[in-house]
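Scrolling down, you'll hit the structures one after another.
The two complexes that follow have subunit A in common; it is paired with subunit B in the first and with subunit C in the second.
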Partner chain A sequence: MTTAEQVLVRPGRARAKRRVNRRSLAGYAFVAPALILLVVFALGPFLFTIWVSLHSWNMLTPLTTMPFEGAGNYSYLLNDDALFRETFGNTVYFAVGNVVVSVVLALSIALVLNGPIRLRAFWRAAFFMPYVTAPVAIAIVWRNILDSNWGMLNGLLARVGLPEQPFLDSLNQAMPSLIGVSVWHEVGYYMIIFLAGLQAIPYDLYEAAKLDGASTWRLFWTITLPLLRPTMLFVVVVITLSSLQVFDLPFILTQGGPVNSTNTLVMYMYETAFKFLRMGRATAMAVMLFGVIFTMTMIQLRLLRERE
Partner chain B sequence: MTTSDKTGNRMFMTPVSRRRFAQGLAASPFVFGAASRGVRTTYAQDKVKLVVLTHWGSAEQKDPLEKIFAEYTQANPNVTIELQTVAFDDLLNRITTGQLGGEAPDIYHFYNLWLPDFVGSELLAAPPDDISTDVTGAYGEGTVGGASYNSKVWGYPTEVNDYQLIYNKKAFQEAGITAAPTTFAEFRDTAKKLTKKDSSGKVTQAGFMFLAGWDSGVVHPWTSLLWSNGGQYVADDYSKALFNSQAGIDVLQLETDIVNDGSSIMSTLTDADFESGRVGMTIMANWWGATLRASSLGMDNVGVAPIPHGEGGTPIALQYEWLWGVGNTSQNADAAWTFLKWLNNPRDSAEASSPMGEFLTSALNAIPGRQSDQKAHADLLSDPFVKPFVDAFATSKSEPIIPGAQEIKTNLQKQIESAWAGQESPTDALNTAAQDADRILKEKAAS
Partner chain C sequence: MNTSYAIRPAVTTSLKYLLLIVGAAIMLTPFAWMILSSMMTSSEILARPLTWFPAHPSFDAYRGLRDAIPLGRMYLNSMFVTTSTTIGILLTSSLAGYGFAKFQFPGRDVLFLIVLATMMIPFFVVLIPIFYMVSKFGWVDSYPGLIVPNIATAFGIFLMRQYMVSLPDEVLDAARVDGASEFEIYWRIVLPLSTPVIGALGILAFVFQWNNFLWPLVVARTDTMWTVPVGLNSLRVYASSAQVINMQMAGATLGIIPLVIVFLALQRYFVRGIALTGIKG
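Up next is the complex of A and B:
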């Protein structure tokens, strides 16, 4: 292009570029509030967490003086910290138990309540009610119900002639008890989600299949379950996320005991950070837990979306 | 460019580029932060405001404390005192967040186990010489030891607590037991005798209550028994844990035997089982007295005895305490120490109680650390429940104030519970806890 051509073309291009810039600026201005909030309250703390995890810090000294540890915190957790491995195992145990039992139970209840049943609204409200109760209150009530010495449940077992159980005082029964309480608390919420999913399935599909002589079981496997896949995906991902981060229920119900049998990763993280003042190590746990949750979620999304 | 405000004053506006605006916006948090700190500094020049942080937050504790503070501010009109309270469980979090956010109080009331971290992080100001001299001269040896770290006193001790064997007199009477156990053998035997079971074998009254799931509830009684068996917790130079010696193993074996005998229950922090009369004995601190007084058990049914001891040992109770300290970042450190000196010294004569002594004995039912306060309140401290705890201070030892103390204690608690549950032998459990402790001590020594 000659100089003369450049002179001719440049003003037009420049105007267009300015227009684009103005439009871009307006766009940026509109998304700025959300972007700023995201950076300040999500991305910023996340990056800060990663940064702290590479240091040793007790929260009492200035950030500028904390010694750099590199991968030291990660290496310690993976190689030397037996309690980290134990609490991670407990967390996975809780998550798997909670996901399996909650999904099966919530779906079963939703299927029953989706059919012709008397007092349907009452049952829906009854199952949903525990979900709106504060976990702290639930934990206190269940602590009394499950007390091995003087608990109500053991009183009931004794009356019907069954052997009393140690429940929360037993190394083997404490975690299943905790899962049971968690399922009782949350199953109503997931039941409502499944119910919404069931009601979105066109009824004519069932009618057509019935005309072809399909059994109830076959209707469930070939129509209900495949069409519930998006709902199932949502429920499984949400329960997994919340289960891997469980804290309040074991914190109040068992304090992680007996002997660490219900000590979860987030409880250990809390203890490491706020009781032992080892923020570097605690944030390293948080980063590793994030990695696990992220990976698990991606796998679940891939598996459950595969056939769509 | 000019514009006018509501008063009609003309204000000049300079054109600001986008870059300048962005730079200004980014710098604003620092500017505001600096400005807020500046306000406090300026304020301190003409009138002193002391911010006091404590966990004494219930109305029964806060109201009398505020009255005492008001007494001081009336006598010193240039001083105002703001009392901030949080629950004990949140106190350490509040201290760390206050430190991070530049909102640290002038005066801290804290658990002495936190001293190594606080001193190591330069959170606390060293007291002036007259305060150190006052503390070392007016408090018992164990209490001064509990307020010291690296051979230096760091504040005024307030409530002191030690552990004793607390028992249900009615249960003793029903079992035909006339005296509290003094030796380990008697201790185990008494726990057995106090245990009641129904026809199905279910425990209806436990001989002894272990306070599981709570680090102090597990480790403090165990350490008292360890010392009463001639053992040591840690080397004097903090280089090595010694609680896994034979003396420690014997104590954990004794506790495990009591569990295996079926003579115990594992209670939670509520301690409701003892208060409702379903437990024969436990080892607990004097602060529990206030709860027991309010319980249905009745103080007439509560007995207190020295810690049982091993062969050749003598009863030694673990003692811990709280203390007032001044923040290193306080702009009013001198005023804070002056106030603390007033708060913790006898009012008129050497025989009189200090304001703190009055508060501790009346609002908390606690034992004051200052010896003159103990004498001034001799009538209250001669109460049948309190007196054995006071007497035990003569031989008690302070909870070891060592670097990483909280982490070592929590790890030890978990290992002791593991032995109770039969997951590990007492020897293995204590060796694991000692290995952890040695690692932590080494790490802290290097940092």
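Up next is the complex of A and C:
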């Protein structure tokens, strides 16, 4: 490059570089507020949780004096804490039940609403409405509806001549009742997601298959379900994630009873932390539940990617 | 013509409507019962055989509520906390979303990966450290304590970024040539062009924050800081005997009504917002 060219080019380059730097600075400025908040209120606390889980701490003594336990909290929970195992089992029971029932119902309703149907907007609104209501409020309503002595549902059963049920007071029926209320609360949300997925399936695929004489049932298994796979996996991931963290509904409906049959991991963690001030143990629970959630999500996302 | 062909569609159609009618009845009856029983006397609610309508509809239960819980204060707190948190989420998310979508800067992709990783952290995992921090800040039982930890969400940033990537660069560059500052471009051009995603995120955040329970339960200590869900929870404890079921139902009705109104008014945006967030998930 000759000197003349350098003279001609350099100021332009310098200006361009300054402009790029200014734009870089602007970029940092735009992302800074959110990133700082995320580091302070999510990422930092996440690391803090892992650190505390290796110690014994009651939140009142200074952090610097808390005794190191190593894996002590973890081995206690896994080996010696029957309630931890029980709440873990309950949480998995709740999540599996929730996934199965919600997916079947939400998909059925979405399939019906995706066809030619009158009053579509009304049905859609009716199924979706519970989702926007506060879990605490609807749990209070359902607690009264399901009450074994004077609940509305038993009044209804008695009216049609069926035997009354103990529902939330029974070891066997409490968890199914809890799952039922949860499905009632959220099925409309998953229905909307399925509807959006169904509408993305090109209609001419069905036309072509129908010309070949395929039955409705065959259309569902060979076209709808395979093409709905991404939506299906998304819904399963979301229900699994939210079910494993369930707190509000059982906290109000049953307080974990009867005899811990509906006690969930997050409820047990809340109690361990804020009632008994055992922060090390509570954070160890949080870390383990996070591990489960993280692994499940990764497996499910891997499944999703494999087929794409 | 073979008769079975004519009959089968009719059968399927009636089955479809049967599913919808039974389903909708199950969805809506609890709401109807909640409102009806909130206007009954407690003995009417307990009566067998079951009666559906109050003989003398009354608002006594609602009046009784006022003595049991600080209803007005709860509403005010919920309104204030939910609105400020939602505005905070929209601001931080749209700023960061724009920064990630339309600027080149060293470390950008790493920072965005950090945001995506943060999206994987559920709230219960960070509950204890956040409470500890908030208590060190002296924010327990205060509005900052209720609001500040929630005003940035990784999901919001992700959603905004995905939408803003597709905004036309030419429009932004044209504004730059005209001498607009970067903030003016964000405020006057980017935000107005992003109303669909802002609406979607705004509605979802509002519903989530209004219904939020675990965090306010931990951080709101005295009844002056109660939000509606926390107040309803203590109503459950205060009024657990069968004699005050109508008060519980009245409280639930008042807790639910604001969101049902928001939902009925903005139904279209709800559905669009879920489709937008769900599919791109």
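Just so it is clear, the second predicted complex is superposed on the first by the 268 of 308 C-alpha atoms of A that agree within 3 Å, B and C clash if a C-alpha of one lies under 4 Å from a C-alpha of the other, contacts with A are read in each partner's own complex, and residues count from 1 in each chain.
Quick note on the criterion: a contact is a pair of C-beta atoms (placed from the backbone, for glycine too) under 8 Å apart; a residue touches a chain by one contact, two chains touch by 3 or more.
Every value quoted in this text rests on a predicted model; they were computed, and no experiment measured them.
Peer 1: I'd like to know which partner A:N58 touches here: subunit B for first, subunit C for second, both or neither.
Peer 2: first
Peer 1: If we overlay the two complexes on their shared chain A, which of subunit B and subunit C does A:Y206 touch? Say first, second, both or neither.
Peer 2: Once the two structures are laid over each other on A, A:Y206 reaches no partner at all.
Peer 1: Contacts for A:Y74 in the overlay, against subunit B (first) and subunit C (second): which applies, first, second, both or neither?
Peer 2: Touch partners of A:Y74: none, neither subunit B nor subunit C.
Peer 1: Who touches more of subunit A, subunit B or subunit C?
Peer 2: Tallying touched residues of subunit A, the top partner is C.
Peer 1: Looking at the overlay, does A:F274 come into contact with subunit B only (first), subunit C only (second), both, or neither?
Peer 2: both
Peer 1: On the A-aligned overlay, A:E164 touches which partner chain: subunit B = first, subunit C = second, or both, or neither?
Peer 2: Only subunit B; A:E164 stays clear of subunit C.
Peer 1: Look at A:N260 in the shared chain and tell me whether it touches subunit B only, subunit C only, both, or neither; answer first, second, both or neither.
Peer 2: A:N260 sits against subunit B, while subunit C stays out of touch.
Peer 1: With both complexes superposed on chain A, which partner does A:P33 reach: first (subunit B), second (subunit C), both or neither?
Peer 2: Once the two structures are laid over each other on A, A:P33 reaches subunit C alone.
Peer 1: Based on the superposed arrangement, let me know which partner A:A125 touches: subunit B (first), subunit C (second), both, or neither?
Peer 2: second
Peer 1: Which residues form the common part of the subunit A surface touched by subunit B and by subunit C?
Peer 2: Residues 59, 143, 149-150, 158, 274, which sit in both footprints.
Peer 1: Which bits of subunit C are touching subunit A when the two form their complex?
Peer 2: 12, 16-17, 19-20, 23-24, 26-28, 30-31, 33-34, 37, 45-46, 48-50, 91-93, 95-96, 98-100, 103-106, 108, 111, 114-115, 117-118, 120-130, 132-133, 148-152, 154, 157, 182, 186, 207, 210-211, 213-214, 218, 228-229, 232-233, 235-236, 242, 245, 248-249, 251-252, 255-256, 259-260, 262-264, 267, 270-271, 274-275, 278-279, 281
Peer 1: Tell me, which parts of subunit B touch subunit A in their complex?
Peer 2: 92-93, 95-97, 99-100, 117-118, 121-123, 200, 202-203, 212-214, 265-266, 268, 273, 278, 404, 406-407, 410, 414, 417-418, 420-421, 423, 447
Peer 1: Note which residues of subunit A are touching subunit B in the complex, please.
Peer 2: Residue list for subunit A touching subunit B: 56, 58-61, 67, 83, 143, 149-150, 158, 164, 169, 171, 254-260, 271, 274-278.
Peer 1: With touch defined as at the start, can you tell me which subunit A residues reach subunit C in the complex?
Peer 2: It comes out as residues 20, 23-31, 33-35, 37-38, 40-46, 48-49, 52, 59, 105, 108-109, 112-113, 115, 117, 121-130, 132-138, 140-145, 149-150, 152, 155-156, 158-159, 184, 188-189, 192-193, 195-197, 200, 216, 231, 234, 238, 241, 245, 247-248, 251-252, 266, 269-270, 273-274, 279, 282-283, 286-287, 289-290, 293-294, 297.
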